[in-house]
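These notes open a run of structures that come right after.
Each of the two complexes below includes chain A, the first together with chain B, the second together with chain C.
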Partner chain A sequence: MGINTNLMLEIKDLVVEYRTEDEIVQAVNDITLWIEKGKSLGLVGETGAGKTTTALSILNLLPETTGFIKHGTITLDGDPIIRMDEKGNSVAAMDDSDMQKVRGKKVAMIFQDPMTALNPIFTVGYQIAESVKLHQKCSSQEAEKRAEEMLELVGIPAGRKDDYPHQFSGGMKQRVVIAMALACNPSLLIADEPTTALDVTVQAQVLEMIKDLREKFGTSVLMITHDLGIIAEMCDEVSVMYAGSIVEHGNLEDIFDKTRHPYTQGLFNSLPNINNRMSRLKPIRGLTPDPANLPMGCAFADRCDYVTERCRFEKPVKKWLSDSHFVACHLYEDGKDESKL
Partner chain B sequence: MQEHIKKKKESQARQIWRRFKKNKIAMAALVVLAIIVLAALTADLFWDYQADACDINIPMRLQKPSKEHWLGTDEMGRDMLCRIVYGARASLTVGIFATTFALIIGGALGAVCGYYGGRLDNIIMRCTDVLLSIPGLLLAIAIMSAFKPNIFYISLALGISYISKFTRIVRSAVLTVREQEFIEAARAIGAKDRTIIFKHVLMNCMAPIFVQYALAIGSRILSVSTLSYIGMGIQSPTPDWGNMLSGARAFIVGRPYLVLGPGIALLLTISAFNLIGDGLRDAMDPRLKK
Partner chain C sequence: MIPVTIAVIFIVFLIMHLTPGDPVALLLGADATPELIAETREALGINDPFFVQFGRYLLNLCKGDFGISWYTGNPVSERLFSAIPYTVKLSLGAMLVAILISVPLGVIASVKRNTIADYVISVFAMIGVSAPTFWVGIMLMLLFSLNLRLLPSAFDGSFASYILPTVTQGFNMLASIVRTQRSSMLEVLSSDYIRTARAKGVSNFSATYKHALRNAVLPSITVAGLDFSLLVGGSVAIETVFAIPGVGRLMIDNIKLHDTPTVIGCMVFVSVMVSIINLLVDILYGLVDPRIKAQYLRENKNAGTHKKEKRESGASDLETV
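This part shows the complex of A and B:
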C-alpha cells in the first residue's frame, strides 16, 4: 500500500499477546487497519474479539505486566507509535513523556462505561479542565472557561460544572466523558463501545452528538462496537473482527449489501428483521474459540456452515474483492466477487 | 432561569461533616478533645510553666485536693491539674507528629507499592514485614536508647514503628482504586504517573487513611505515655502523663487521685481519638449515604 500521507492511523500486522503465568493468550492476531483523515472506521466483533486491546495498543496503554505487542507497527498521523526494531520485535517508538503528550491531545478515548470513567471525587468541570491544562499552556481560568464551553457543546448547562459525577445520569456522564475527550481537539477519537452502558433513547442522542462533533471538527473516529446499527449510522468503513483477526473489511455498502464472510453473514442473521417479524433469529452456533488455544486453520471453522476440510488446517488469507473490500475466507480464493453464501 | 436550577451544592467534606454530626458519640468525643486541646493551648493564661509545673516545692508535697490545688499536689509539691494540662501538650504533640511522620513515609511507600506493583512492591512490602515483626514498643525503646529523649526523637521513634501499618493500609486502598476505569481514563488523557498517584488514586483513598490517622494518634499517645512511664520517653520534670503515673505509683494506696488524674486524662484523650476515628469511618463510607 506504500506510505499514504492521508492516513490518520495505520496499524500494520499487529500481534498482541496477554501473558499470564500459565498461558499465552493471542488477543490480536496479525491485524492491519487504517483510517483516512476525517473518516470513521467501525470495528465490529463479539466480546473478546480483541477490539479493546487494539484500541489500547494505539495509546500504548496495555496492562504493563501482562499485555505485550509482539509484532507490527502503529503509525499515527505519520508519527510512529510502535515500530519494529532490527531484530523484528515491536518496540514503543516514543518515550513515556512523549507518549503522554500524544494521549489526550492527538488521540482521545471514550470509555465504555461512563459510570466508572469519571473520578468520583472531582467536579466534572475540574476534570475537563484538567485534560485541557495537561496539553495546553493556559491558566486555570482559561482551562475552566474551555471546560464550560465543552459542557455547553455536549448539551450540558455550563452552570453544572461544579457538580460531581454522581449528580449526573448515565447519559449525561457519557456526555461529560465525550466533552473531556474532545476538549483538546484530538485528531483521532477512539470510541470504545460508547453507548453500550446507556439506554436506547440516550444512545441515539449520544451517537448523534458524536456525529455532529465529528463533522464540526473533522476528527477521525475509530468506533468500536458490536452493534451493526451504530456502524450503519456512524461509519464510512467497517472492519469485522473475529478471534483477533479481521475477517472482512469494506465500506458500508460492501459489508451491508455485499456481505461475503460467513461470520459477517451470521452477525446480520442474528439481528431481528423489521420487515419480516415472523422470521426466526438465526444465531451463530457455538462459541468463540479459546484465544489461548486457537485452531490451526480458520478460527471460525467450527461455527461455519460452509466449512471445508481445508478450513481446518489452513489459515485463510486476505483476498481483495474490489478496491475497498477484502475478505479472509477460503470460499473466495478464486477472487471472484460473488456471494457463495 | 439559572437561579431556578441552581441546587444546593455540597462539597464532599461538607457531606462528611453533616453525617459526622449525626453521630452523637463521635460528636461528644470531638467536644472532649476540643476541650483538652483548648486547655493545653491556653494553659499559660492560668499557670506559669516553669514555676508551677516544673519547680520542686517540697513543703507543698502530697497536698490533698483543695481550693488552691483542685487535684492536690504530687510528691514534689507541684499542682496536679497544672501538670495534667501541660502533659497534654507533650502527648498531643508527640501523637500528632509521630502519626504524621508515619503517614507521610508509609503513605508514599504504600502508594508506590500499590500503584506500580511488581518487584518494587515485593521488596518494600518484605521490608515492612520485617518492621512489623518487631514489636512496636520494643523498636521504639531500642531507638530511644540511642538518642536523647526529646520530643523530636520520641516522635521519630514512635513514628518509625508505625510506618508499616500505614504502608499496608494505603497499599491495599490503592490496589482497589488502581483498577478503576477512571484511572485508565486519566492515563488516556495523558496524565503523568505522579499526577495519577497523588491526585486520582490517593484522593480516592482518603477515607481509610483518615480513619487510620485518627486511630493511630490515640495509639501513639498511649505509646508515648508507656515510654515515659518506663523512663525512656519524656523526662521529668517535663510533665507527661506517663512519667506522672510513674511518679504517683508509689502513693497509689494513700493518694489514689494522683494516679487517677493522668490516667483519666489518657483514657479520655485516647477514647476521643478512637471514637472520632470510628465516627469518621461511618461518615465517610458512601454505602451509608442517606
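This part shows the complex of A and C:
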C-alpha cells in the first residue's frame, strides 16, 4: 500500500483486548483498514464481531479500565492517534487535551442507540451548541445559531432547540445525534449502526440524510452495520469482519458480485431474495465463537461448509485477488481455483 | 401530609394508651390520696374511652391547640416552640454537612474506583454508619473540647456549640449517601450519553462534573430525604449527649414521664417536618431532571383537560334537558 497521503484513516495491525477479572476477550485481532479522503467504507459483521470496538479505538474512547489497545497503529489524516513505542506496545500518540480537539472536530461518531445517546438533562440545542463551542472560537450566541442551523439541516424545526431529549421520538433523537456529530464539519464520520434502533421508514430518511451531507461536505464515512443493503446504498468499499478479523475486503462489485469468503457468502444467503420469494433463507449455522476463547485456526471453521483439516489448525492469511479485493481463507491460497464457491 | 400526621397521632396515642404505668401517680407522687388521683384523672380526661380522647385531641389540634402538659401544666405548644429551633437547626445543619461531604466523596470514589482513595472513602463511610452517634459525639467532644480546647463542650446556643453536634449527626448520614452517590455515578459514567459527550470532545472534567453529576445526584437526593427521618430520630441521642434542649430531648424526657400531650406534640412536629422534607425532595427532583418536571406538568394539564371535558359534557347534558 505504501505511504498514501490521500488517506483519511489508516488502521494497521490493530489488536484490542477487553480484560476482565477472569478472562481476556480478544475483541479485535490484527485488523488493517483504511479510508481514502471523501470515500466511505462499510464495516459489516455480526453482533460482537468487534465493529464498535474498532470505532471506539479510533477515538481512543475504549472503556478505560477494561479496554486495551495491545498492538497496532491508527493514523488520522496523517496524524498518529495510536502509535507503537520502542517496546512494541501501542500507546496513545496524543495527550488528552489534543485528543479532545480531535474528537468531535476531526472525527465525529453517530452512536448506535439514539435513545440513550443524549444526556436527558440538557436541551438538544445546548448539546449541539456545546460541541460547536468546544471546537470553534465563537460566542454562545453563535454556537446556538449554529445549533439551530444544524437542527434545520436534519429536518427538525429550529424552534425545538429548547426541548429535552425525552420530548423527541427515536428517529428525531437520531437526527439530533447526527446534527451533533456534523456540527463541526468533521473530516471523518463514524456511523455505528445509525439505523439499527429505528423503524424501516425512518431508516431510509436517516440514510438519505447522511448521504446528502456526505456529498455536500465531502466527509469520509466509516459505516458500521450488519445490513448489506445499507452497504450497497452508502459505501464505496466494504470490509467484512468476523470474530475480530477482516475476512474479506473489496469494493462493492468485488463483494457483491465476486463474493469469495464462505462467511460473506453466508451473509448473502441469509438475506431474503426479492425476486424469488419462495426461496428459503439459508442462515449460517452455529454461533460466532466465544471471543474469550478463539479457536487456533480459522475462526469461521466450525460454521463453514468448505472446512478442511488445515482450517482448524492454521490461521488463513490475506490473499489479494485483485488490486482492490482480498480474502482471508485457505480456499484461495496457493493460487487455487478462485471460483470454487 | 395531613393524613400522615393523623395516622402518626393515632399510633402514638395508641402506644401511649397501651403502655403500662400511671401518669397521674407519677405526677402526684407517692403520697397522693386515691381521691386526688381519681379527681386528677377525671380532670385530664384519661378516664374517657380511647376514641373520645383521640377525637378530642384532633379537634383541638385543628384549632391550633396542642393541649396542656400534664406534668408542668404549661401549654405544650409553648414547650414545643421553644425546642423546635434547636432541632431544626441541628437537623438541617447535619443534612448540609452530610451532603456537602458525601456527594464529593462519592464522586471521588467513583472516578478513582478501586484505588486507595476509593477504599479509604469506603472505610470512612463504613465507620460513619456503624459507629453509634452517641459514641462519636463523646469522642469528638473529648478530642475537640477537652484535648484541643477548640470548641465548647456545653451547648449554649452559639454557632460554635452547634459545630460538634451537627458534624456528629452528619457523619452518621454520610455513609449511605456516599455509597449511593458512588454507585449511581459509576453507572452514569459508563452510560452512552457520557460516551457521546466525550466523543464530541468534552474534557474528562466537564464530562464528570457537568454531564454526569447532575444525573447521578438524583438517587442521593432520595437517600438524603429518607435519611432525614432517621436523623430526626437520631437527634434524641445527640441532644442528650450534647445537652441541647431540642425536640428529641423533650420527647424522650416526657415519654419517661408519660406526658402524653407533650409526646404527641413532638411527634406531630416530627411527622410534619419529614413530610416537608419529602415535598422538598420531590421539588428538587423536578428541578434536577426535566423528565420528572414534565411528568408533573403533564399530570396537571391532564387534570385540567378532564375538568374541561366534564364541564362540556355537563353543558351538553343541560341542553338535552
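The rule is short, and it goes like this: the second predicted complex is superposed on the first by the 338 of 341 C-alpha atoms of A that agree within 3 Å, B and C clash if a C-alpha of one lies under 4 Å from a C-alpha of the other, contacts with A are read in each partner's own complex, and residues count from 1 in each chain.
Everything that follows uses one rule, which is that a contact is a pair of C-beta atoms (placed from the backbone, for glycine too) under 8 Å apart; a residue touches a chain by one contact, two chains touch by 3 or more.
Remember, predicted model here, so these are calculated numbers, not experimental data.
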Fill in: When chain B and chain C are modelled together on chain A, clash or fit
clash
Worksheet item: If you stack the two complexes on chain A, which partner ends up touching A:78: first (chain B), second (chain C), both, or neither?
Response: neither
Worksheet item: Between chain B (first) and chain C (second), which, if any, makes contact with A:131: first, second, both or neither?
Response: both
Item to complete: Could you look at A:218 and tell me whether it touches chain B, chain C, both or neither (first, second, both, neither)?
Response: neither
Practice prompt. Would you sort A:159 into first (chain B), second (chain C), both or neither based on which partner it touches?
Written response: first
Worksheet item: So, does A:120 touch the first partner chain B, the second partner chain C, both, or neither?
Response: both
Worksheet, complete the sentence: Shared chain A footprint, chain B vs chain C, residue numbers 59, 61, 65, 97, 100-105, 108-109, 111, 113, 116-122, 130-131, 134-135, 164, 177, 180-181
Worksheet item: Which of the residues in chain C come into contact with chain A in the complex?
Response: 113-114, 190-204, 211, 214-215, 288-291, 294
Fill in: chain B residues touching chain A - in the complex, by the definition given at the top
2, 5-6, 9, 12, 117-118, 180-182, 184-192, 200, 203-204, 206
Worksheet item: chain C touches which residues of chain A in the complex?
Response: 59, 61, 63, 65, 96-97, 100-105, 108-109, 111, 113, 116-122, 130-131, 134-135, 164, 166-167, 177, 180-181
Discussion item. Considering only the defined contacts, which chain A positions touch chain B in the complex?
Written reply: 59, 61, 65, 97, 99-105, 108-109, 111-113, 116-122, 130-131, 134-135, 157, 159, 162-164, 177, 180-181
